[in-house]
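What follows is a pair of complexes built around chain A, which joins chain B in one and chain C in the other.
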Partner chain A sequence: MFSIIQTTLKGVFRDRVFQGIMALAVFFLFIPSAASLSMRQVTELSITLSLSLISILLFILALFLGATTIWKDIERRYTFSVLSLPLSRTTYLVGKFFGIALFMLLTALFLGTVSILVIKFSSVLYPPSRPILWSTIIVSIFFDALKYIIIVAVAMLLATVSTSFFLPIFGAISTFLAGTITQQVYEYLQSQSAQKAVSDVVRNAAKLFYYILPNLSGFDLKVHAIYSIPLNSSGLLLTIIYFFVYTGILLAIGSILFERREMK
Partner chain B sequence: MNAIEITGLSKQFTGKHMIKIDALKGLNLNIAAGEIFGFLGPNGAGKSTTIKLVMGLLRPTSGAAQIMGLDVSRPESRYNVGYLPENPAFYDYLSAEEYITFVGTQFKMDSTLLEQRTEDVLIRLDLWDARKRPMRGYSKGMIQRVGLAQALVHDPEVYILDEPMSGLDPIGRALVKDIILDLKARGKSVFFSTHITDDVEKVCDRVGVIVKGTLVAVDRVESILRSGVEGYVIHLQATEAESLPFAGIEALRRTESVSEYYVPCSGFNAFMGEVNRTGTNVVLVEMKRRDLEDFFLSLVK
Partner chain C sequence: MSGLFWRPMFLLLVCLIGYVAVLGPFTSYMKHKPVEEKLGYVPSADLLRYSCADYKEVVGAALLMKVTMYFGGLMDKQADNIVSEKPDYLSMSNIIHSALKLDPYNMDGYYFAQSFLVWDVKKYVIANKLLDYGMKYRTWDWYLPFFAGFNNAFFLKDFNKAAEYYKRAGELSGDPLYLSLASRYMQKSGQTDLAIVYLSILENGEKNPAVKKKYQFRLAAFKEVRRIELARDRYKEKKGVLPASLDTLVLSGFLAPPPSDPYGGQFYIEADGKVVTTSMFSFTEAGNSKNKVGETDERH
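Right after this comes the complex of A and B.
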């Protein structure tokens, strides 16, 4: 398992596409000057822009890595040489996932460090009205990374059955969009006005989706970071437990499907 | 214990437009420990399908297979195997050395032994100078040699090689034959597929011929070669005037002093009897036999 993780990490770091995506991180350098254009709340804007840029980069990486690693191994016929080694398909799949998840965390660490420097720089030039809660910013980046690791797991699950990378990519994008709003939809459906407006069938279908799709809203702590709102630690713990249970289920299903897959 | 046991193994693919393709039909085959077995068949005969089934890459439609007594559906069955896929491909961002090390680690090799063995196989397969370069820049022949190196590194008991000579130049082919003979001398079992009869004739103990998913013949290479003797070409010292038919057999060709006769096995004694009686000198006797290639072609047709 460890050598699969190691090999996966080497593959990512040596990949041109990844290197290209990471080059987008130079946009960080423009954040202070872009933020300063607004004249007020410069630091808050710097935080917003930094966290958004991190989200975008992690999202692209999650889609790219989650959808293409297994597909590429099959497409380039690496699976014949690797899956004929005495390792189970589950070890292979989970090893790949851990490799990518580790990489996402490392990237988040790197981008987080850069963004903290950028925010610090902005806050020195334009002191903010409220003190910055650095720990909240760090926690918010960490949870952002967890959110995109779930997207990696979704894309990999779809890749275990798909012969192209379209299903994993578009499936993961849809899951991400749906997973972001699922909480709001659920809450709306529970409300008084919805009880009258929406039929039972639709409401039950929506509920079913609510339980199947990942609920990503708990991972979004940007507002807390930007406006220095204190975090609710029991809520965070619950979110972490949710993360482990949900990715665990995705990987378990992915393993079952991949064990059955034929290498033609 | 047999190295490989295959019982009633079948594989049906569903091709385009839901057409069923019987790639392998009820194969029964045992490879004994220490045996070199050549799996001979034309393109599309089902050789790679058989091998992928044995390596657990495909699931059989029916039947089963075991390697060293372990069912191939279990990953542990592959601990005893070195496998070379057909037209192999390896993580091209790794160097040969990194890849061989990765493979050895998967076989849970001890790290000092692995280092030593990696060096051995890289030198043996003439990859030593290229070992640090990413495999992205390797030629097809080099990749094929990496494939052999990664099959050899953990020194398993059983080798399953899918067209090991393909993509290699004559030097590479000779090297592969050498390696197989070496494995044979060390009591290892080798199961390899090929569509080239010459490869089989030089190294195999036994050969199986597969055509359209069915095993049509299995025999020892020597007995095929022996049973293939059809007759003799006999050169007699006789001028054109003297070159009469002997035992009813006419000369094929005549030169000034030598006449050539083709004598089937059955007529050999009668022919030689008459030659001796007339006191004619025999210059040369050539054996005419069907080689493995003819044997193979006669089965495929």
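Right after this comes the complex of A and C.
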């Protein structure tokens, strides 16, 4: 297992993914000047821009690493040599997942450090009206990384059954978009106006999707980080438990499907 | 061999010349695009909220940036007297409302909406509704009740409500100034002084050059009004009656130098002694102050 994690990480670094991220991280340098265009909330805007930039970089990483790793291994016929070793396909899949998840966390750590420097710089130039809660910013970046690790798991699950990378990539994008709004849709369906407007069948179908799809809005703590709004610690704990359980389910299904897959 | 090298070189050269040639006209075309095209169409806030995934805050900030940049560009033109193009306030207001639905905490939105909704468009009720909406989220922010208090007192003449908002602003900021403003708003007199205080506070904290300039113009106009009011009071004290017109004040030496409206309008004194200007403290009004009948003014 550890050797798989290690080779996955090495592979990702060998593909110069990290250098790519470093190149994109140049955008962080423009954040203070872009944020200074704000009239009343320069620091808040620089937090918004930093967190959104981290978020989009992690999203792109999750998509491509999650969707292409297994596909590429199969395409290059690495899987044959790896799976001829005395290890199960499950170990291979889970090892791959942990390797990518670790890389995502490392990237979040790197980007988080850069963004904290950027935010600090902005806040010195334009002191914010409310003190910045640094811990909330760090927690928000960490939960963002967890969210995209779920997307990695979704992409890998789809990759176990797909022969190309289209299904994993587009499936993961759709899951991400749907996962961020399920909570809003669910709340709308609970409202009085929806009781009349939406039929029972649609409402039940939507509820089913609400429980099946990952609820990603729980991982979005940007508002708390930007406007220094206190976090709900028991809610965060529940979110972490949700993360582990949900990712576990995805990996388990992925492993079952991968074990049964025919590889020629 | 040389052909293989020269052909792409030739192509590159032709394209580079073409690029330089088209760059000038293209830039000027983009610069002179009609206003509606520049401000663009923004889908409904609900649609945006569902489609922005977890990038709501950044999309909200981008929308606000679009509006302030558009407005800043127009302000520069107005200040240079290039054009008297009226800003598309309706679209501006719609975009700000959408942005604030995406991120109800964004202070730039409330602040900017307040700066044009009340003075330029006279939509006091809409402005106050927006401020009330913001107060639900920005529970720590004294600016929002401060704005709402000012709107209620200065424009809507609802002094009880104004006092309530000022009390809240005072409690949140811990500054006794707002509490004293609350009590001063109970009296109808001294409105000009209060507007000067309000505008000075905003002007001091402003760093966006376009908006700052806007406040400076308005502040200068109100200071002129105050100067005329003081001269009018001195006149009345001496002569026992209100001056018949502004010229009376100037000719009798009570008001020197003669007042000038930075917006290009004309000051005059109404029969009850109130000092007003044809510009209504706005560039766009200065141009069409003659045909002001039928304007939608929510003041009541």
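Please note the rule applied: the second predicted complex is superposed on the first by the 258 of 264 C-alpha atoms of A that agree within 3 Å, B and C clash if a C-alpha of one lies under 4 Å from a C-alpha of the other, contacts with A are read in each partner's own complex, and residues count from 1 in each chain.
Operating definition for what follows: contacts are C-beta pairs under 8 Å (C-beta built on N, C-alpha and C of every residue); 3 or more make two chains touch, one makes a residue touch a chain.
Given the structure is predicted, the values throughout are model-derived calculations rather than measurements.
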| item | value |
| --- | --- |
| Which superposed partner A:Q183 touches (first chain B, second chain C, both, neither) | neither |
| Touching partner for A:S3 - first (chain B), second (chain C), both, neither | first |
| Of chain C and chain B, partner touching more chain A residues | C |
| Partner chain(s) touched by A:S81 [first = chain B, second = chain C, both, neither] | first |
| Which superposed partner A:N215 touches (first chain B, second chain C, both, neither) | neither |
| Partner chain(s) touched by A:G11 [first = chain B, second = chain C, both, neither] | first |
| Partner chain(s) touched by A:E262 [first = chain B, second = chain C, both, neither] | first |
| Residues of chain C defined as touching chain A within the complex | 49-51, 53-55, 57-58, 61, 65, 68-69, 103, 105-108, 111-112, 138, 140-141, 143, 205-208, 211 |
| Parts of chain A lying in touch with chain B, wherever the complex brings them together | 3, 7, 10-11, 14-15, 76-88, 260, 262-264 |
| Partner chain C, residues of chain A touching it in the complex | 37-41, 44-45, 48-49, 51-52, 55-56, 126, 129-130, 147, 176-177, 180-181, 184, 216-217, 220, 222-223, 226-227 |
| Chain B to chain A touching residues, read off their complex | 13, 52, 55-59, 75-79, 81, 83, 85, 87-94, 98, 102-103, 105-107, 134, 147, 150 |
